[in-house]
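Worksheet: one structure, shown below.
First chain written, first letter: the chains are A, B, C, D, E and F, and each begins at residue 1.
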Amino acid sequence: MLRSAFSVITKILPVRTAKAHCDGPCGVYDPASARVAAEAVLSMTKKLLAMEPPQNSDPIAWATYNNTFSRYVAIKEEQAKEAKQELLILWTDYFKPEHLSTYPDLHDTFWKAAKLCSACKVNIDQAKAEELMQAVEKIHYMFWNSKGRADNWITAS
Amino acid sequence: MLRSAFSVITKILPVRTAKAHCDGPCGVYDPASARVAAEAVLSMTKKLLAMEPPQNSDPIAWATYNNTFSRYVAIKEEQAKEAKQELLILWTDYFKPEHLSTYPDLHDTFWKAAKLCSACKVNIDQAKAEELMQAVEKIHYMFWNSKGRADNWITAS
Amino acid sequence: MLRSAFSVITKILPVRTAKAHCDGPCGVYDPASARVAAEAVLSMTKKLLAMEPPQNSDPIAWATYNNTFSRYVAIKEEQAKEAKQELLILWTDYFKPEHLSTYPDLHDTFWKAAKLCSACKVNIDQAKAEELMQAVEKIHYMFWNSKGRADNWITAS
Amino acid sequence: MLRSAFSVITKILPVRTAKAHCDGPCGVYDPASARVAAEAVLSMTKKLLAMEPPQNSDPIAWATYNNTFSRYVAIKEEQAKEAKQELLILWTDYFKPEHLSTYPDLHDTFWKAAKLCSACKVNIDQAKAEELMQAVEKIHYMFWNSKGRADNWITAS
Amino acid sequence: MLRSAFSVITKILPVRTAKAHCDGPCGVYDPASARVAAEAVLSMTKKLLAMEPPQNSDPIAWATYNNTFSRYVAIKEEQAKEAKQELLILWTDYFKPEHLSTYPDLHDTFWKAAKLCSACKVNIDQAKAEELMQAVEKIHYMFWNSKGRADNWITAS
Amino acid sequence: MLRSAFSVITKILPVRTAKAHCDGPCGVYDPASARVAAEAVLSMTKKLLAMEPPQNSDPIAWATYNNTFSRYVAIKEEQAKEAKQELLILWTDYFKPEHLSTYPDLHDTFWKAAKLCSACKVNIDQAKAEELMQAVEKIHYMFWNSKGRADNWITAS
């Protein structure tokens, strides 16, 4: 950059704000990301509930059980965090003040959905995991409706 | 574990929910984490506004300027994300429905603070960065007040 | 765990393998995750190509331009990595040897798709970004076909 | 950038170093970040020590216990890593050679603190977790003292 | 940048592709990174197989055992993911179409190696962990051979 | 676990410490990880110094240059952080107090190496990047010597 007037300009103008013409991180928004994570939470929850500890003292069987149980809890944790993160991106970055008149319960819907993600971490709770799926579905329709689209709610599993 | 009645139990009882006795991830909550990140956002914003491109064509000077500018933008981005994340942890994990009567503007306060984090990413805007500091300060007092404490708002820089 | 025969068992049996009954990380697979990231790559590529540097020496305008350009390149980079990661999860974790007869070009399809992700990072190339979308679409149909489903290819943007 | 002499310059001058005018990543330093993580390590350690396995064979009770135990260990691990990282940032980025005369035991103080973070991961050890809090407190006073400030050591929990 | 003809240029030329002169992320490739992670997977697998649960009901002994078991499973998981990631970087970023004639089984070699990483996560399987080491060794020789070097396969442990 | 005396035990014994029999995170240590990252820092530094901005106003050429410059700075940053992290793992986790007599300058060696990582981030400085390679080499020999091995220092590039 060759700007001969630069040093003059910096002293005259209060150089306090440099505004971009684009708002937001310009990503593409899609509740599908939150949905996939929520499906994984429900899947891991069911697998954990279905696990049967060994009937005997076989050390190999116990090591296997513990290895699997540990991993499932960790994956459930990670997917619940992912779901929460994806939902919050929609709340903070996609939805704007002008949406509040159409969706007056916007904040509460997202707050509850986020708290369901926590509940699924803290417990192995299939009812909560199913509630989370319903919360994401509600948000899915709210989102597409705000864009004038009626995309169906389709799950992968 | 030796549980001889296990196989009987699993068939009789509907094994749908395993509830923990502890709620939440049991971390320690402190708005200091969000404050430190917000201070960094303001610091990087000021440094970016203070940068002067080289007056001449010196390639070394230009490479330096570009290296520094790039890095400052990246650090500002990272700290703004960190601030947003830390604030949202307080909103989703710390505050509970019973807090809504004492802090009726809870959701809106956090929503605005999160949107200020975005604004600081998208622009190099000292006014917004200072507004973010004020938003975090408001949340600081809301948080400690809810715990019956009056910790002072003290910044590191 | 009370296992009185434990110490005996460990010395008699070669304790070399503890096998789990479940295969894979048991996540839920959906090409939607790769699609969303690829859409973001294309979106950022278009925005970058549309950016106009300031016509003058205005330092604020230049700081804004550089801040935005930097951020867009970083988001394009991050989304291209995300797309590659999501595609590779499908290749390594979902597809199995038995799929090779139905999809003999499986490896090459994924290799090319991954290399398109790299090309989109290295260049600001709308043609490559559109090729990446087509690669993900091909994988979308391959994936759902392997599950006996015919889910439509629907994009968010 | 319009630099007509560029190609000449690059061939004449050995273009080996492009120096920035600013040193360090320019973040804001505050031992509060390490403190919060250390508090979480102590908190998780106490919760783990307080956990009581079920008295019976109830599979739900056992799944709950294992889910919670797993999660607490993972959070303790993550917070211990966070504490170590934050402490090391202060050691490598904030403290400079000129500080060694005032704080001759600087290196050893940080080395021991980092090793306490490891000890808290490897064991469920309340004594070590409390020692870690004391190590962070010592560093807190060393840090603020080096800045000519006397900020109090205040914990969130 | 002072470019007076800018606005004219953008309207005349189809501004669709901005090509860089460098291909790839320009990192340095070395199978050592995958080797170190695979060594850790084998190490953790052996430690897990060597663990002996307490012979009695001592709660402290049980908490210790569970803390250690959990951590080892988590480290095994993390290292297996790391090994997979490092291997896939070589496959997608280093190897090119021109390598296929010399290494016709390239894709299958990497696919199998990635699936071995998964197997080591899902099971505590020393045979699979040793197979993974052999897979990484095969790739080590394929890689260095493609560069006209004959670096020895040397392990850290 | 069936432990009928559990409730009695917890009240009699001060249940404060659950000690593991294994020390450290049990990973495999190898300075190769730090070496690969340091090689990448040097590589990116050289590429950045070799970049030539376009001679003209061509917007495509400028977008390409900026995209590449940005990416190289980001990769240099990431690799410098990686190098620092890998070095610090050796300092905090591998080296023990008993090593201080053999390597009295241990702390200072690592402190300087970490500060070189920072210098390579802050500047585009080939001399510092080469110094970093030498620091890692010194640590390589210190490490293998402490294990009674004499592994050669071999670089990938």
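Throughout what follows, contacts are C-beta pairs under 8 Å (C-beta built on N, C-alpha and C of every residue); 3 or more make two chains touch, one makes a residue touch a chain.
Since the model is a prediction, treat every value here as computed from it, not as a measurement.
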### Message
Show me the overlap between the contact partners of subunit B and those of subunit E.
### Response
A, C, D, F
### Touch-network distance, subunit A to subunit F, counted in steps
2
### Other chains in touch with both subunit A and subunit D
B, E
### Message
Per the definition at the top, count C-beta pairs in contact and tell me whether D-E or D-F has more.
### Response
D-F
### Query
Is the contact between copies subunit B and subunit F built from the same residues on both sides or from different ones, judged by whether over half of the numbers are shared?
different
### Message
Suppose each chain is reduced to the average of its Cα coordinates; what separation in Å results between subunit A and subunit C?
### Response
17
### Query
When the C-alpha atoms of subunit B and subunit C are each averaged to a single point, how far apart are the two points in Å?
27
### Task
Scan subunit C for residues touching two or more other chains and write them down.
1-3, 6, 10, 15, 17-20, 22, 25, 48-49, 52-53, 57, 59, 62-64, 67-68, 70-71, 74, 121-124
### Message
Once the touch criterion is applied, which pairs of chains come out as touching?
### Response
A-B, A-C, A-D, A-E, B-C, B-D, B-F, C-E, C-F, D-E, D-F, E-F
### Query
What does subunit B use to touch subunit D in their complex?
1, 3-6, 9-10, 13, 15, 17-22, 25-30, 32-33, 35-36, 39-40, 43-44, 47, 56-64, 67-68, 71-72, 75, 79, 151, 154, 156-157
### In the complex with subunit F, residue positions of subunit D that touch it
1-3, 6-7, 10, 15-20, 22-25, 48-49, 52-53, 55, 57, 84, 88, 91-93, 107-108, 111, 114-115, 117-118, 121-127
## Note on the structure
Within the complex, subunit B is touched by subunit C residues 1-3, 59, 62-64, 66-68, 70-71, 74
### Summary
Interface with subunit E, subunit D side, in the complex: residues 1-2, 48-49, 51-53, 69-70, 73-74, 77, 121-124
